[in-house]
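What follows is a set of structures to go through.
Next, two complexes with chain A in common: one pairs it with chain B, the other with chain C.
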Partner chain A sequence: MESLVYIALFSPLVGSLFAAMFGMSPKKQITGIVTSILLFISFLASVNLLMYVWENGPIHVKLMDWIVAGDMYIPFGFNVDQVTAVMMTVVTTVSTVVHIYSNGYMEHDKGFNRFFSYLSAFVFSMMVLVMSDNFLGLFIGWEGVGVCSWLLIGFWYHKEDVTRDVNPSISPAWAANEAFIMNRIADLGMLVGIFLIYWNVGSLQYDEVFKAVPSMSHGLLVAIGIFLFIGAMGKSAQFPLHTWLADAMEGPTPVSALIHAATMVTAGVYLVIRANPLYSEIPEVSYFIALVGTFVAIFAASMALVNRDLKRIIAYSTLSQLGYMFAAAGLGAYWVALFHLAAHAFFKALLFLGAGNVMHAMHDELDIFKMGGLKKVMRWTYIYMGVASLALCGIWPLAGFFSKDTILEVAFNEHTYIIWFVLWLTAGMTAFYSFRLVFLTFWSDERYKKYGFHPHEVQNYVLWAMLPLGILAIIFGWFKEDFVEFVIKLLPAYEMSEHTEHMVTTLTVLTMFIALGGIWVAFKMYSERLVRKEKVENSRIYKILSNQYYIPVFYERAISKPYAELSDIAWKEVDMQVVDATVDGIAHIIEDSGEASVQVQSGNLSDYLNWMAIGVILLTILAAIAAL
Partner chain B sequence: MIGLGHYLILASILFAIGLVGVIRRKNLLMLFFATEIMLNAANVAFAAISSYHNDLTGQMFAFFIVAVAASEVAVGLGLLILLYKKYGSLDLDDYTMLKG
Partner chain C sequence: MENILSVLIFFPLLAAVLGLLVDEKSIRTYGISVAAVEFLLSLWLWMAFDPNNSGFQFIEYVPLVSDFGINYYLGVDGISLFIVIMATLMTLIGIVALSIEKDLKNMIITLLFLEVAMVGVFVSLDVIVFYLFWEFSLVPMLYIIGAWGGEKRVYAAIKFFLYTFAGSLIMLVGILYIAYIYHSVSGVWSFSLTDWYALVLPLDVQKWLFWAFFLGFAIKVPMFPFHTWLPYAHGQAPTVGSVILAAVLLKMGSYGFVRFSLPLFPDASVAYIMPIAVIAIIMIIYTAMVAYAQKDMKQVIAYSSISHMGVIIIGTFAMNAEGITGSIFQMLSHGIVSGALFLLVGVIYDRRHTKLMSEFGGLASVMPKYAVIYGIMLMASVGLPLTIGFIGEYLSLAGFFAISPVMTLLAGTSIILGAVYMLSLYKKSFFGPVTNEENKKLKDLDSKELTALIPLVALVVWLGVYPKPVLVPIDNSVKALVSFMHEKAQTPAAKSIIRVSKSGKEAK
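Now for the complex of A and B:
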């Protein structure tokens, strides 16, 4: 079994290194094929491990000692337990599909080999992140996915800045840096949390840390919980560190599907789930997490309502669904969060890949106001995206129904009716914007003709590659019972109270009602043709929403600009005037004294002998003084 | 009675004469002489102290110095002859090739 762990972990790395060998050369189809096959092997190993863990319980392997210094002992160990097995399977499933998909999507790209190298490196980092048995290994994976995300968002770094209404200058390079810097802020919090743990426990192994949790003081636990959550907020793009996720859509679409929907952004949720023994000790922090999640859910959904950018709408929906996951985790229903994480990974990746097909067909056009009627030419993409959207809305019997409905039940069960209500309302908004997207893209009048597009369906094998995700988006929810049985061996079981059990049918009907209501409103408004109402679009609320609550502008004005000015002052005033002046001054003094004393070197040997005699006499006097 | 002190004073005077010669003289040959005087000043001191302590090491050392001085003079004079043949002068003020 140990070898399976290593196969699952290292085959993406091997693929990445293989593709990296051809990084600089023109497109070689072999890199795409090899990395996809290796990913598939990793997927098979992960599924095998899942089966094994199901039968026999967790596996723990130690690759080697990593840091041994004094009392500090950190091994490079990997732990495959129920949560990890689920994460591994989800990650490798989506990764395999995305790799095969990318073979088609990146077909004409100059950086074909480079792309696959980055993509596989990302999967490797993600595997390290979920498989590590200690916080430091998790952090290494955490940073690894951050770097790969940066590389992949900025994959088309040579693209010029495009003027947008909202972000004055947004280019892939800019977006990549934004994502990286935002994550850096959060990672500092995470690092402080890890330091606090090491300081007080003396170990970073999960099992030892969680064993020590009950004996630690409450204040300390709160501090650790908050700092770790700050890290999670950055990676999972929670408010106020959320702006990078929408901008990250500048990257190639397979990247958006894999990293910014299915896997990396859920790392924060994974962290909270992993640290559940810690968070269940500190209910106030958990409640705060739930509140942040709930707020982000409705906040992101509201921005998605009016956005015109195909990918950004899906990005906001990802944000919103991450909010759902945090709400569930914060309310103590860790397995529900994990369940929604897995379900969301499948249907959201599918949605993004569908969006990629549309972009491909529309020559990278993203404005859904310029599309419409595409279902005639892109029947399969339409079906995939329709299924994914239905799953996202939580329509029975698709995957999203089971996971999202459970989250709402949890919120109800905890008597946090405000959270329940907000999440319920968000479900309606989700349905509306998802189907606004679907109707504007695939139904209504064929606006693209006016702009001279000639859309066409993508390659067949790409469509086939998406099939597993399509099937999973439909059937995944049916395995809820098995899933629960499996993961509650590790995670706390969450039992609904009898009162909630009583209300389940009503709650489900209510949720279905608002979801279908959202779809119906979208149908009424957009299915026939796009009618743009001046009055609505000029209204203040519409403006606020389409400008993302002016938060990017606010960050630009309140943080970036002052920071740039401060840097300018630090450069011109502090660095040039103080630091450089000091260093230069020392150099000048030495140079001047050298110029002055060069006269000693007259070249006359007699003078030198005089100096030597003086030196000897001085040394003799010194020796005499010392002897006395 | 001539004691150790007298010998050491003689050695110091000889050394001082040699040192002044090294500092003041401009002719390279004279410099050589001055160096020899300094070496012999040391020899006198060695021999005197050796005799005073009844220890032969000092006198042995003096012999070494005599031998080294002899070879040094042999090599040094040879160099001086070459130098004179090349530049036609043994005046130190004419040799300023080391000027910085």
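Now for the complex of A and C:
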């Protein structure tokens, strides 16, 4: 079994290095094929491991030592337990599909080989992240996915910076840097958490840390919990570190599907799930996590309501769904969070890939106001996106129904009715914006003709490649019982109280009601034709929402600009005018005093005698003082 | 080879003198061969080094002036071993990458002299011999900046020389004072560092001496506010000068703290953790900001050096094995990474004769190999795990966390601010469209440049993934140092703050 662990882990790396060899040459189809095959191998290994873990329990392997200094001992160790096995399977499933899909999507891109190299490197980092058996190993993957995300968001690095009005993300390179730096802020929090663990436990291995949890003081646990969660907030783009995710849509769409929807952004949720023995002990921090998640759920959904950018709408919806996951994890229902994480990965990746098809057909146009009626020409894409949206809205019997509904039940069960209400409301908003997107893109009037587009469906093999995700988006929820049985061997078994059990039917009906209501409103407003209401679009609330509550502008004015100005002052005013000028000043004083005392050496003998007399007198006085 | 250390010192010296006879055409080959042999010799030193022995090895001892206790006394331990190897490696790389035409022969001979000084500083165990090498190292660098530098080379060279020299003189006073105390205690003169280690100084004497040595080291590192010579030196120095300066010469200061300040003045070192940490944090944050404001690519790297040296200082004053081992590893990492970055800046300067970032943009599409190597070094510089840059930074910060979590948090901003200035440098120079006509036909890295850079890339990855062969010898010597300091410390504060590793205790 050990070899399977390594095959699953290293296949993507081999693929990445293989593609990197051709990184600077023109497109070679072989790079796309080899990386896809290696990913498929990794997928098979992961599924095998999943089944093995199902039967026999976790596997632990140690590759070699990494850092050995003082009492710090960090190996490259990998642990495949129930949670990891699920994550691995999810990651490799989506990755394989995205790799095959990218063969078509990136067909004409001159960075074809480079793209596959980055993409596979990302999968490798993600595998390290989920498989490591210690916090620092997780951190390797954590930073690794960050770099791959930087490379892939900035993949079209040659594009120019433009103003925010033209493109809210400014440019791929700008968005890439924003994502990296914002993540780094969170990573500092995470590092501090790691240091706290190290100096109080003496180890960073999960098993030893979690074993030590009962003996640690409550205050310490709270501190560790908060700092680790700060790390999670960066990767999972939780408020106030959320702005990078929408801007990350500058990357190629397969990247958005894989990294910024299905896998990387869920790393924060994974961390909280992984550290459940810790978070279970600190309900107040967990509750805070749930509140942040709930807030982000509705906050992100609100921005999706009015956005016109195909990918940004889906990005906000990702943000919103991540909020749901944190709400579940924060309320102690770790397996529910994991279940929604997996389900979301499938249908959200499908949704993004569908969006990629649309972009392909529309020559990279993203404005849904310029689309419409595409279902005639893009039948399969329409079906996929329709299924994915239904799953996202939580319509029975699709995947989202089972996962999202359970989160709402949990919120109800914990008597946190406000969380329940907000999430319930968000479910309606989700349904509305998802189907606003579907109707404006695939139904309604064919506005694209006015703009001279000639949309066409993508290659057949690309559509076939999406099929597994399509199927999973439909059926994944049906395996809830098995899933629960499997993961609660590791995670706490969260069970509803009897009271909630009685209410389940009512709650489900309520949720279905608001979801269908959202779809119905979208249907009414957008299915026939796009009618733009000037008054609404010029209203203050619409402006606030479409400008993301002015948060990016605020960050720029309150942080980036002052930092740049302060840096300039630090250099020109402080470093040059004060610090360096002082040094030169001292040098000048010495030089001047030298120049001045040169006069003493006039060559005139009587002058010298005078100076000598003065010297003698001074020395005598000094001697007299010393003698006293 | 019992006298390997002497060989390491005198081989380049002899080669430099003989180099005067070599004719101009073959001097390049000559220089590369000598530096390569020297590098191989230093590798042999590593092979022959016993990693489990934490004390000094390959000791050589020849009395020079017995009456004053001055001896030719050499030795290496895990702390100095890898810095010596780095010095020989970076000299080799520097000579391989040399792109200057003017007075090539003088340059190569100067570099060989510089190598003598660098190796000498790190292997001397007699303080006078150490001091001689320490001061001697200034001369070749003065010449390199003054003769091959840019427009303001004379100003920069003199500033570099006088500033660091002034600091060293104050250190010399400290050295003489310790020797005086040693004499008054034991009745004999000695400048042997190992003899001095045994000397237990009263706290107030330690405090004075600490600051005397501090000035010498701090100007070299350079620590805020003594750093302003560095941007001038880098701004004017030719590429090879900057490479050696950043990679090796700055490390003389940080090495001095580990070799002298900590073991000689353990109580004073503990007493001054806070002021030193404040300076280090200023170095980290303030110079990172100054780096961000720069318009010249080379100045960004120059200021970033100061910022990274701040992390090294923080690690050194962590007073535990994690931090000190981390800081020494970070010295190596910074040497390799900043050396590589200066080489990379040199590459573009050779082509365009400008270092202003506003002149570039879109280089990634014109010079892909250059962009890749630059990108790898950038990631190492910002401390990405699995590159060499992470290990030292992580351990330094982790070590200092035991002293002060809040200050560690402040020092930790280096991972954010470092990313800010490096990524903005990369974006300005490499991303975006190629706007400048002159950049459209730039040649990518040639074979000479690749020969110099690829070994560094390999090191960055190797030591990032598998640092153990380097980390373990360092760690063994550091553990011995820390337990020595712990035993020697007199004040209860120092006893409790200097933290002996558990694994170190067991080994005893």
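General observations
The rule is simple: the second predicted complex is superposed on the first by the 566 of 628 C-alpha atoms of A that agree within 3 Å, B and C clash if a C-alpha of one lies under 4 Å from a C-alpha of the other, contacts with A are read in each partner's own complex, and residues count from 1 in each chain.
Definition applied: a contact is a pair of C-beta atoms (placed from the backbone, for glycine too) under 8 Å apart; a residue touches a chain by one contact, two chains touch by 3 or more.
Nothing here was measured: the structure is a model prediction, and the numbers come from that model.
When the two structures are aligned on the shared chain, A:Lys159 is found in touch with chain C, with no touch to chain B. Which of chain B and chain C touches more residues of chain A: that partner is C. Contact with chain B, but none with chain C, is seen for A:Gln601 once the two complexes are overlaid on the shared chain. By the touch criterion defined above, A:Leu609 lies against chain B but remains apart from chain C after alignment on the C-alpha atoms of chain A. Once chain A of one complex is fitted onto chain A of the other, the partner contacts of A:Lys376 are absent, as it touches neither chain B nor chain C. Counting contacts by the rule stated earlier, no residue of chain A appears in both its interface with chain B and its interface with chain C. Contact residues on chain A toward chain C in their complex (touch as defined above): 23-24, 64-72, 136, 139-140, 143-144, 147, 154, 157-161, 171-174, 177, 180-181, 184-185, 187-188, 191-192, 194-196, 198-199, 202, 563-564, 566-568, 570-572, 574-575, 579-580, 582-583, 587.
Here chain C touches chain A in the complex through residues 159, 162-163, 224-225, 227-229, 286, 289-290, 292-294, 320-323, 325-326, 329, 362, 364-365, 368-369, 372, 379, 382, 384-386, 390-391, 394-395, 397-399, 401-402, 405, 408-409, 412-413, 415-416, 419-420, 423-424, 427, 430-434, 465-468, 471-472, 474-475, 478-479, 501-504, going by the rule given at the top. Residues of chain B touching chain A in their complex: 19, 22-23, 26, 31, 92-93, 95-100.
Across the interface of their complex, chain B is touched by residues 598, 600-606, 608-610, 613 of chain A.
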